[in-house]
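Multiple structures are listed underneath, in C-alpha cells.
The same chain A turns up in both complexes below, where it pairs with chain B and then with chain C.
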Partner chain A sequence: MGVYIGGVAAVSIQEPLSEEGIFRPVAYSSPQVRCIEPEFRKFLEPMVARRMSKIVKRAIVASSVALEEAGIPMPDAIVSGTGLGCVEDTEKFLDAMVRNGEHCLQPTFFIQSTHNTISSQIAIRLGCHGYNNTHVHRGISFESALQETMLLFGKGSIHSALVGGYDELTPPYFRLLGRIGYWREEVKNSLHIVQEPAAGTFAGEGSVAFALSENAQGAWAQIEGVSISYACPDFTREAGLFLHRLGLNWKDVDVVMTGKNGDLENDRVYRNLSLPAGQTTAVYKPLCGEFFTAPAYGMYAAAVCLKQGMLPASLAEDGKEIKGIRRILLLNHWQEKDYSFILLSSCGD
Partner chain B sequence: MENVVISGMGIISALGCGVEQTLRALREERSGIGPLKYLQTEHWDIPCAEVPFSDEELRERLGLSAEEVVTRTALLGMVALQEAWQTADLRHTPDKRLAFINGTTVGGMEKSEQYYLDFLENDSRNAYIAAHECGACTEKIADFMGGFSYVTTLSTACSSAANAIILGENLIRAGLTDIAVVGGSECITKFHLNGFHTLMILDDAPCRPFDATRAGLNLGEGAAYVVLEKESSARKRGIQPLCRLAGYGNACDAFHQTASSEEGTGAVLAMREALKTSGLQPSDIDYINAHGTGTRNNDASEGRAIMQVFGKHTPRVSSTKAMTGHTTSASGSVEAVIAVLAIRYGFIPANLRFGEAMPELSFTPVPHTLENVKVRNVLSNSFGFGGNNSSLIFSAVDPGA
Partner chain C sequence: MEELIVKLKNEIIDVLNLEGMAPEDIADDAPLFGEGLGLDSIDALELIVLMEKNYGIKLKDPNEGKAIFRSVKTMADYIEKNRKF
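And now, the complex of A and B:
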C-alpha cells in the first residue's frame, strides 16, 4: 500500500496557497523575508485569530486547505515538524520576564509558547483525537515527522495523516542567528542566491501542510520513502543505500533536488556529492529562503513538479525546464550532522 | 510478535543520581521536593524538586571543562545516558544500529533566559545561541557517548519522553534501528517556573496528588533513558532484559491548550490503546503510575478516566511526582524507570502526602510503599499541554528463555 499526497498547501514568502510562486517566484533583495499572509478572515473567526500567533494561524490555514483538497475531514494522525516552535510567543514571555522581572507576567504567551501548540491547536480545531506528535530536531524536523508518519502507515495503524513543517522567524531571532553567521548582510536577488555563493544565506519562513492517504486517485505524488541519518560519513553512499532499500538505483531518479542555499559551507556538501554524470539537479531554497523546516517547501515544490510532469526553469539548477519528470530525490543536510532523504514519484502513468 | 525489551536504563532526578539511589529513595518514601538551591529566581519560595547537584558538580562528574558550551538540560541528559549506556553494555555493539530519541521542551532555555539581552546586544554569549534549540541539546547528549546513526527530538510538553519511547518501539519494529535509547531531559528554568506560576497551578507547599485538598504541582527536573531492543538481540548480547514494553497509546484530548477535558477523553483513549496493543485486560494491570501532577484539573480528569477504563476494580494507583516533582518533558521516562523498578523489585511506590479522598473518585492512591507485591504489568501515564496524552505498559519478562 503506497502513501500519497492527496492535498498540500503552503504559506510562504511566495504567493500563499498557490502554485504561482513555484513557476513565477517573487525575487527579494533582503536577508530576511517574512511570509505573505493569506486572508486569515476567510478561514478564522476574527476573535479566534486575534488570540493566535502567526505560526499557529498559518498552520491552521495551510492544514485546512490541504485536508479539504484531499477530501479528508478527519485525519487519523497529526504529526508536525518545527525547528524553533512558537518563537513569537516564547519571545514575548521571555522578553517581559527578562526586562520587567518575574511578576505581572501574562499566561497567554506561555500557554502558546510550547512547540506542540501547533499540532494541538490543529487537533482542537478539528476535534481530532488521533495520534498527535511534534518533532523538533533542527533542520530535519519535518523529515523526522514525515518518517514517523510513514512508519504509522507501514504498520497499518493509520490510513490518513496531516503532516507539516512550520517555522516562523521573528526579527529578534533573525538577529540572534545572524550573530552566529547564518545570514548575508546584503542580498541582491534571492532567486540567484545559489549562483552567487558567499558566506551565509537569506532567511525565509513557512507553513507547509500535507494531507496524506493511501488513495492514489488524483494525488499529487507518491511518497516512496523517507529516511533521516545522523552524522553519516558518506552522503552519496547513504543516498545510494536509501535508493537500494527501495529497490531502486540512481538511474531511476530523474531529478535530485538539494538543499543548496548559496552559503559556501552548506553548498560544499552538495557539490561534493558524486552524482551520476549528467544528473539533473534542482534547488528550492532560493524560492522559500532558509528555515528549519524548509525541506517541507522542497517536498511541496517536488510534488508540484510531479503533478505537472515537468521541472520548471525556476527550480532547475541550470535554469532549463525539463519535461517528463517521474521521480525526484530530495536531499538535505543540516550543518553536516543531520541528513535527510525523501523520494517522491508521480502517480500518473 | 517478538518482545521489545528494556535492556538498560539511566536516571537522574531530585531523588539522586542513578538507578540505585532512585530505588532506595522510592522505597524509603524520600521526597526530593524542597527549597530552590540552584535556580536564580524571584520565586525562591516556591518549592521545587531540583537535582541535588550544581552545574559545576555535574560537569566534574562528566569530565567536562568549565569552557564546554553545555546547558543544564544537556548535562542531566548526559548523566542519564551514560548510565543507560553502561547498564545495557552498549560499548560492545559495533555491528548494531543505534538510535537516540530525546524528549525536551525547554532545550537550552536555561541559558537563553540568562543571556537573552547579550544575545540581542553583543557578541559575548554567541556560543549559547545555537544551544537554545531542543535539537542542539539532544545532539550534545548524543555526541557525549557517540555512535548513534539516528538522532531526533520530540516535544509534546509533559508527554515528550513517553512519545520518545513509542517512536523508539516503532523504529525497532520497522527494522530501522536495532537499539533505541529513548527518554527525555529537562532542567527547571525561570521561563516555565513563571509560566506555570502565571497559570496558578504551582502549590506553595509540597504537592498532594489525588488528595481532595491538592493545590497544584511542584516542578522537578531530571533525565532518564531506557534502552529498547528486541528480546533476541538483548539475549544474544548476553543481557538479561529488565522488562518488556508491552503496549502504548497516543491520543489527543483536543480540548484545550493547557486544561484537560473533564472526563479525560484523551486519557481514556490513550489508556485503552495501550491495553489494546498489549493484548492485556484491564484486570491484568497490577499498578498504575499516574500522571498525577497534583493540580485540581489533572487529577480529577485523570482519575475519572481511570475509573472509566478500569471500572470498579481499579488497580493500585500512585503518583510518584510527590517525590520527584513534575519533571515535565522527562517525566515519561523518569516514571518508566520507576515502573521497571516496581516490576523488578516487587513494590508499589507511595503517593506521598495523601490524606483525604477526592469525592468524585471511587479509588484512593497508595499512601505508603507496599513491599513484597507481585507486579507484572504497570501502566504509566504521561499527559502534556495541548492534550498530548500517552500511556505505556511495561510487563515482566520470564527470566529463562
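And now, the complex of A and C:
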C-alpha cells in the first residue's frame, strides 16, 4: 500500500492556487511578505466567511481545491500542522483584553484564538466527522501532521486524508522575532537570498493542503516516507539511515531539496552535509519565505517537480533546469533542533 | 436618531465583519435574526459587547434582548434612552 498525493493547492506569497509561482516566481525586496489572497468570494459565501480568520479562509480554500482535484469529496481524516495557529485573532483578543481591562471581549476572536481551530473549521465546512487533529510543534508542525497521517494509513485506519501546513506571520510577531535577529534588515531580491548569505532571512507565510489517498492513478507523487528527529548530531548519517530504512540509498535520490533560507547560521547545517559528488540540490524557501510550516510548501514544490518530471531553474540551487527526475528528498531543520526528512517519488513510468 | 442609526449600522458591519455590506443594505426595521440579516447566537453576544463597549450599556435581563435586538431601529431606540456615553 502506498500513499499518494492526489491533489495539492497552495496560498502563498506567490500566485495563489497556481503552479505559476514555482516556475516563474515573483521576487520581493522586503524582509516581510504577506500572502497573495485568492478570491475568497468564489469559494465562501460572505455570511459564512465573516466569522473566519484569514488563515482559516486560506486553509479552507486550499483544502477545497486539493480535495476537488483528487476527487475526494470527504476525507477519512483531517490533520493539520501550524506553528502559530490563528495568531492574528489571538493578538486581537489579547489586545482587547489589555485595552478594555479584561471587559467587553469579542467572542469571535476568542473562538479563533485556539490553535486547533484550523482542522476543526475545515471539518465543519466540509461536514466531515472523521478523525481530526491539529499539530502545533513549531518548526515540525507540518511534518508531525504528515507523520501521524502516514501512521494512520499504515494501520489501515484511513484510506484518504487531508493534510496541510498553515501559518500566518503578523507584523507584531515579525517584530518580536526580529528582535532576536531572525530577519534581514534589507532584502534586495528574495529569489537570490540563498546565493547572497548573510545574517537573517525574510519572512513569508502560507497555507498548503494535500489530498492523500491510496490511489496512484493521476497522482502528483508518492510519499515514500517521513521522519522527524529532535536532535541530529550527524545530519548526513541520519538522512542516509532514513533512506536505508526505506530500502534505498543516496544514488536513488535525484534531488536533495533543503530548507536553506540564506541565513548563515541556518544554512551552516546544510553546508556541512556530505552529499555524494554531483548530487543535485534545490531550495524552496526563496519562493515562499521562512515560516513554521514552510516545509509544506517544500513538499508542494517537490510534488510539482515530480508531476512535471523536471526540476525548474527557479528551484535548482545552481539555477540549472534538470529533466527526468523521479525522487526528491526534502530536508529541513528548525533552530538546529527539529530535523525532518520527507521522501517523495514520481508516479509516472 | 437618524445619525445614530447610520452609526450603529456601520458598527454592526464592522463588528460582525459583514464584508461587502453597506449601511444602506440594512433596512432600519428589518429583523436582525432569523429571516432578515440571518444573525445567530454568537452575533447576539457580539452585539451585547458592542452596546457595552461603545455606549456603556450593560444588559442585565436576558429577556430584554429579544425586543432590543429585533432590528437596528429597536437597538437605536434602546441606546438613545439608556446610553451612558
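Here is the rule we use: the second predicted complex is superposed on the first by the 349 of 349 C-alpha atoms of A that agree within 3 Å, B and C clash if a C-alpha of one lies under 4 Å from a C-alpha of the other, contacts with A are read in each partner's own complex, and residues count from 1 in each chain.
By definition in this document, contacts are C-beta pairs under 8 Å (C-beta built on N, C-alpha and C of every residue); 3 or more make two chains touch, one makes a residue touch a chain.
All of these numbers come straight from a predicted model, not from anything done at the bench.
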Chain C versus chain B on the shared chain A, clash or fit after superposition: fit
Superposed model, chain A: greater residue contact from chain B or chain C: B
First (chain B), second (chain C), both or neither touched by A:Ser120: first
Partner chain(s) touched by A:Tyr230 [first = chain B, second = chain C, both, neither]: first
First (chain B), second (chain C), both or neither touched by A:Thr134: first
Once both complexes are placed on the shared chain, angle at chain A toward chain B and chain C, C-alpha, multiple of 10 degrees: 70
Chain B versus chain C as contact partner of A:Ile180, first or second or both or neither: first
Chain B versus chain C as contact partner of A:Ser12, first or second or both or neither: neither
Contacts of A:Leu105 with chain B and chain C, given as first, second, both or neither: both
Partner chain(s) touched by A:Lys337 [first = chain B, second = chain C, both, neither]: first
Per-pair minimum CA distance [chain C against chain B, superposed on A] in Å: 9
Residues of chain A at both interfaces, chain B in one complex, chain C in the other: 103, 105-107, 111
Parts of chain A lying in touch with chain B, wherever the complex brings them together: 78, 83-85, 93-95, 97-98, 101-103, 105-107, 110-117, 119-121, 123-124, 126-138, 140-141, 144, 148, 151-152, 154-155, 172, 175-177, 179-180, 228-232, 337-338
Residue ranges of chain A in contact with chain C within the complex: 41, 46-47, 49-51, 100, 103-108, 111
Residues of chain B that touch chain A when the two form their complex: 41-43, 100, 105, 109, 112-113, 116-117, 119-120, 123, 126, 129-130, 133-136, 138-139, 142, 148-157, 163, 167, 170-171, 173-174, 176, 190-192, 194-195, 197-199, 250-258, 265-266, 269, 384-388
Contact footprint of chain A on chain C as seen in their complex: 15-21, 38, 42, 45-46, 49, 52-53
